[in-house]
């Protein structure tokens, strides 16, 4: 993101990451209190899904913003970079 | 986990979760400073992998401990529960 | 599976695998006819989901059959094997 | 892909899909012969990985070809479509 993400997106991402941080702290509490395996695993699955939503939002904003602008400017190396990123995420 | 996880495992899990919590805080900092998309996505991928390691450790301790004991006691409903958990994780 | 899977399960698995084989042939046809990217990717996603269902059925029959029997017989090395399998699938 | 994929890519994809079709037939044989659970699951994991490679190749050719061209022509609805496709794959 060259000129930064829009403020609305930043607030959205930070709210989601704050919630994720709280969930991770919650899992620590579950481990300390010997919570049953299944409940802990459900909570971990929830954190991973929340992380996936954050990556989709970031990728979307990258593609709509940066990628489109750079392709129009002929800076096609952005395409190699996008493909490398998608491969890592898949 | 009926009688709690072994202390060594608990310490291991809590260390990993503390590190994950720090990584999530790091991602918030990256968003605040408009860090480039790719670097943020790499960091998110790292958190998801770290979370996966935590779930594998919990599942392993559950299978080695609780599951084996309950099957020997004829409490076979633990098998349905394990299958439901595995399906959620897959 | 030591004494083989139940006949009903085998028929179920073979029916699913026949359908998957047909879907793969369908994707080859799509490539030959230059079908649009999105439609091909949807079809590939369908094959992967169908494969996942097959692995869940096999794993379930393994856990309900082989695993329970061996744990009761004290052949606990089956547990290491199950954990290795689950780690590969996750 | 509007004007079709390059011949080299088509041949590559068809070779991979032929191999996948053979692997699926191999799994059917394993089921018929009651092959041990673990070996079947390994083979299924291999098919899924091979399918993933096919989708990455198709997506890459789509992005390098179609997407870049359409963005240059101002046909930006291609971006929504790409995002929908990536979300399905993730």
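The chains carry the letters A, B, C and D, assigned in the order they are written, with residues numbered from 1 in each.
The rule we apply is simple: a contact is a pair of C-beta atoms (placed from the backbone, for glycine too) under 8 Å apart; a residue touches a chain by one contact, two chains touch by 3 or more.
Nothing here was measured: the structure is a model prediction, and the numbers come from that model.
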item	value
Those chains which touch chain B and also touch chain A	none
Pair of chains joined by more contacts [C-beta pairs], C-D or A-D	C-D
Between chain B and chain D, centroid-to-centroid distance (C-alpha), Å	30
Separation of mean Cα positions, chain D and chain A [Å, integer]	25
Inter-chain centre distance, chain C versus chain D - centres from mean C-alpha coordinates, in Å	18
Per-residue overlap in chain B, given as positions that touch at least 2 other chains	52, 55, 59, 89
Residues of chain B that touch chain C when the two form their complex	52, 55-56, 59-60, 63-64, 67-68, 71-72, 76, 79, 82-83, 86-87, 89-90
Residues of chain B touching chain A in the complex	1, 4-5, 10, 13-14, 17-18, 20-21, 24-25, 27-28, 31-32, 34, 36-38, 40-42, 44-45, 47-48, 51-52, 54-55, 58-59, 61-62, 66, 81, 85, 88-89
